[in-house]
Each structure stands twice: as C-alpha cells, then as structure tokens.
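Just so it is clear, A, B, C and D label the chains in written order, and each chain counts residues from 1 on its own.
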Amino acid sequence: MIDYREKCIALLHERGVDIKDIADCARFLQADYHVDLKMEELLDSVYSVLSKREVQHAIITAIELDKLAENKVMDDKELEDILLRDEGLYGVDEVIAYGICNLYGSIALTNFGFIDKKKYGIIAKLNEEGKNTGRCNTFLDDIVGAIAASAASRFAHRWVK
Amino acid sequence: MIDYREKCIALLHERGVDIKDIADCARFLQADYHVDLKMEELLDSVYSVLSKREVQHAIITAIELDKLAENKVMDDKELEDILLRDEGLYGVDEVIAYGICNLYGSIALTNFGFIDKKKYGIIAKLNEEGKNTGRCNTFLDDIVGAIAASAASRFAHRWVK
Amino acid sequence: MIDYREKCIALLHERGVDIKDIADCARFLQADYHVDLKMEELLDSVYSVLSKREVQHAIITAIELDKLAENKVMDDKELEDILLRDEGLYGVDEVIAYGICNLYGSIALTNFGFIDKKKYGIIAKLNEEGKNTGRCNTFLDDIVGAIAASAASRFAHRWVK
Amino acid sequence: MIDYREKCIALLHERGVDIKDIADCARFLQADYHVDLKMEELLDSVYSVLSKREVQHAIITAIELDKLAENKVMDDKELEDILLRDEGLYGVDEVIAYGICNLYGSIALTNFGFIDKKKYGIIAKLNEEGKNTGRCNTFLDDIVGAIAASAASRFAHRWVK
C-alpha cells in the first residue's frame, strides 16, 4: 500500500518545496487574525490537508505536468510552450488549485486568490525560478498556494470551535 | 418584460454603489497588467457582466438578504444576528459571489480573493459602513467585489484576443 | 452556545425532511457501488456532513429564503415571485448547494447533478409540494440533494481507505 | 496565430469524438425541456463553447494527459497506473471538467453530473473503450460531458431570452 502523503511530501521536496515553507505561507495568511500563531499548529494543519486523497491526486498530477513540460516530452508542443512560458491566460493550473481549496470552503478560496497575487515566500521563489531558468513551476506554485490557503482556512475554522 | 440589468443598477445605486465605483475596482485589479486602461472600456465590461441572468439573480438575492437582516424581519434571529455582525466564518456571501466569478473563469476567482482581502475603494467603504452603522452590507461587498473581479477577468481575456 | 447541528436537524424536520430521508437519498446514490450498505453508516455520514459550519450556514440561509418567499414578506416582489414559481433558470439555489458539495469533492458534485435531475425520494416530494401548494421549497430541495450527495461522497472515500 | 478551436476539433476527432456526438449529448440533456430541438442550433452552441480560451486549454491539457498515460511515458508510474485503470476515486478529471462547466453556470454543472452518471452516447463508448482496450480516456469522457453540459446550458439560457 502506497503512503500517498509521504509520496507527496517527497515530490514537493524534490521540486524545492519544504512543508515548513507551506506552513509559513499559511501563517502569512492568518497573521492578521490571530496574535499567537504557533508554527507547530500550522504544520499540523498542512499535514492534515496533505492527508486528503483529492489533494494528493492534485499534487501528483500537477507536478507530473510541470516535469513533462520541463523535460519537453509532451506530445502537444503548443501546450508545452504555454506551460514553459507560464502564460498568464492559461488557467488549468488554477482550476486544479481550486479543486483543493474548494474542499476547505470559501475562506480557502479567498486566501488562495490573495496569496496567488501577492506571491509571498516560497510562491514568489517558485514563480521566479519558473520564469528565469529551465524549470517549469506553472502548476507547482498554484498547488503550493492552494495547500497553504487550505491549511489557513482549516486553522481559522478550528480556532473558534 | 422586466429589464433586470436596469433593475440591478438601480438596486446597487439605492445601496450606495455606482457602476463607476465597480469599474474603478476592476481598474485597480488590472492596473499591473495594462498601461493604458480606458475607463469606458472597463465600464463596458461591467455592463456586460451585469447583462448575465445568473449575475442578476445573484445581485437581487444578495441585496434582499442584506435588507431583510437590516430591517430585522428575518424569521431566524440567529441568522439575522450573524448577518448584522458580518461574522467572519459565515461564508454564504462568498459562495454567492463565487457563483458570479465562476462564469468568468479562474482569473475572476483569483481577482476576487485579492480584492476581498485588500478591500479597495467602494468595497472598503461598504465594509466600514456595514460594521459601524445600522447598515447590513454582508452580501453586498462580496457581490461588488465579484462583479469587479469578473469585469477585470473579461477585460484581460479580450485584451489579447 | 448554540448547537447548530441540532438546530439544522430541527429546521429540516419543521420543513418536512427527516434525516433518514436524506440517508435514503445517499443510499440511492451509492447503491450501484456497494453491495452491502448499512443504513447506520449512511446516517453517520449525514450527521458528519451536518457538523460542518459551512453546511449549517447554507442550511439556515436556504430555509430562511424559502420561508420569506412563502410568507410573502420579501421586499423584492419579483424575486419573491421567481422563488414561489421555482423558476428553472434561477440558479442561486444550486449555487448554495454547490457550496456544500464542493467541501466533499468532485464525487459530491456529480452525485448532486444526478439526484437533482432524477429527483429521488424526499427530493421528488419536496419538488412536488413546492409546485402545487403554497409551500416554497426552491432552496430546500437542492440543499437536501447536496447533503445527500456529500454524505454519499464521504462514504465512498471512506469505504476504500 | 494558432486557431485553437480548430485545433481542439481536430484533437477530439483524433481521439474518436465528432462534434455531432457532443451535440447529440447536449440534445439528450435538453430533450425534456424543449419539444423542437434543431440539431443545427445545438451544433452552434457546441461551437460557441469551443471558442472559449479556457475551454480550449482544458481540452488540450486533458487529451495530453490521456495520451501520456496511454503511451506510458509518465514519470510517475503510480499516476500513470491510476489513469490507465480510470480509478473511481481519482477526481482531477472531473475538476478540469468542472472548470469548463462553471463558465456556463449552475445548469451546466447539474447537466454534467447527470450525463457523467448516465453515460449517454459517445460518453458510454469512450468509457467502455477506456476500460477494455489499451486506450486511456480517463480525462476525455469527462471533457466531452462538460462540453455537452455547457452547450445545453447555454442553449437553455438563450431559449428564453
């Protein structure tokens, strides 16, 4: 039996993303609402998001698409080119990210929109890297934003329970 | 035959929102991407968004809910109280707003998340008013954000056609 | 402290919906996939769905809208008329229902689309009642479908864990 | 300048889907509501759906994923296996399909849920083919369902304008 959570954590790591980076994005999103944010609680929330099957499927599909474009093995060279350029009007990356956020309700969606525009922390780094090197992070930066947005939303809902 | 677009414009006006305020929010959202934004083109985009039946239904339902809470005629006093306080974890207002944004794709959703957190222009004003006076703008501020986010997304897609 | 789950169960009951009716809809949705469905497990899934804050907010808002239309106390008589006629192209009821389903992933959304068209069990009854009597069930039938669709999706995901 | 609509039509054809097959699915979805459905009008609606950039991006991404799995060139062999088996709990295919339907409102979403379960016409054929041969249609059948569901929704909204 495959442990898909472990697999996702390893895949994210391989692509330059540490779980702590995602927890830091979640902290950024919640900072205005809670004075006393403990990193362990945020990490906990990220791990919980990563335990959902639909999140895992989104992660492995997204990273596969980035890699296939990066390795230039796609059948459709126009699609490959769109992904390598991270074309602004291409939206399937955000659609898959929303598939994650939806599971955590409207706060997660709003969080995602905000961090996707603000490009905080690791998301800014991935975005830069995807534009200036041979790397393709077109899907990855949105996936990371969606996990952080979801972890922050989960955190907000639990805080007042 | 009712002209629902005119009806929505009148309703928004009655609640303190001018179409130009919405176009200004759309401009704010697109300002980073286009040097040469013409207000008429943005207004055009807002009018086009207001022409969709699903947008019109969202607007009239949202404003009705705000008014019913404000006039304290709701059957469910706990719901009325949630709406009057604009409780942070209540998300039906955002759900209805997303029903608008979805029609304009992933850029509209991201735009909405951003402006909902940033609370630019009329959205900030509505939010303030809803917190400090007897006014209930719980649904309205999200609806205005959604129309602006959608108009900006429509604009972005047309720009490169 | 209000127990919103109990409140929702009472509200649904007041409007003619028993939790068992919803579990029966969930059973209908899963019947093709599992030979050995136990009613208690489905009921358990329905109770779990009803424990989520976003689901509770959707339920109380939806039922309030039905009641306000039914009691003819809406400010906007055109909206009231749309709701009393259960107009086919009015979609805010489904938008709120999707706000529930989204929390349970893509299977919940597909389930909802199916049962919304098939109108099985209590959903058919609510739909009939809303068309032929003074009752307004425009929001309620979709909410019930969404809870059943979500409970069935939750069940499907847990079955294979 | 690439004509992405023509490209999508060619890609669909290459994978065994004719535009008429999709129009026939749209007809199936609307048959209960309109006595007098003209095939040309439905075809028109399908062509209009295929003109949207976000729809085009969804189609080319979905078909690419099917092909990459079918040709067994994926980096992630577990994902490849999930796609080749068309695993029931994998939902990214539906998430991308919903990215299309969302553009056409709540009726499109409900339509999709229904035809996805009913598996009418070409969708049934694609589903069979994907299960019994070396073909991978995991994404394609959902994409076709989403285009049909959207075309039918667009048709319904225009009918009463």
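By our rule, contacts are C-beta pairs under 8 Å (C-beta built on N, C-alpha and C of every residue); 3 or more make two chains touch, one makes a residue touch a chain.
Note that the structure is a prediction, hence the values are computed from the model and not measured.
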Ranking A-D and B-D by C-beta pairs in contact puts on top A-D
Please indicate which chain is farthest from chain A, where distance is taken between mean Cα coordinates of the chains. C
Quick one: chain A and chain D, Cα centre-to-centre, how many Å? 26
Need the CA-centroid distance for the pair chain B / chain D, whole Å please. 31
Counting only residues that touch at least two other chains, what does the list for chain C look like? 53-54, 89, 91, 95, 98-99, 105-106, 157
Which residues of chain D touch chain C in the complex? 33, 88-89, 91, 94-95, 98, 105-107, 109-114, 116-118, 156-157, 160
Chain C - residues contacting chain A, complex: 53-54, 99, 102-106, 157
What part of chain D is in contact with chain A in the complex they form? 2, 7, 53-54, 57-58, 60-61, 63-65, 67-68, 71, 73-76, 78-79, 82, 89-92, 95-96, 98-99
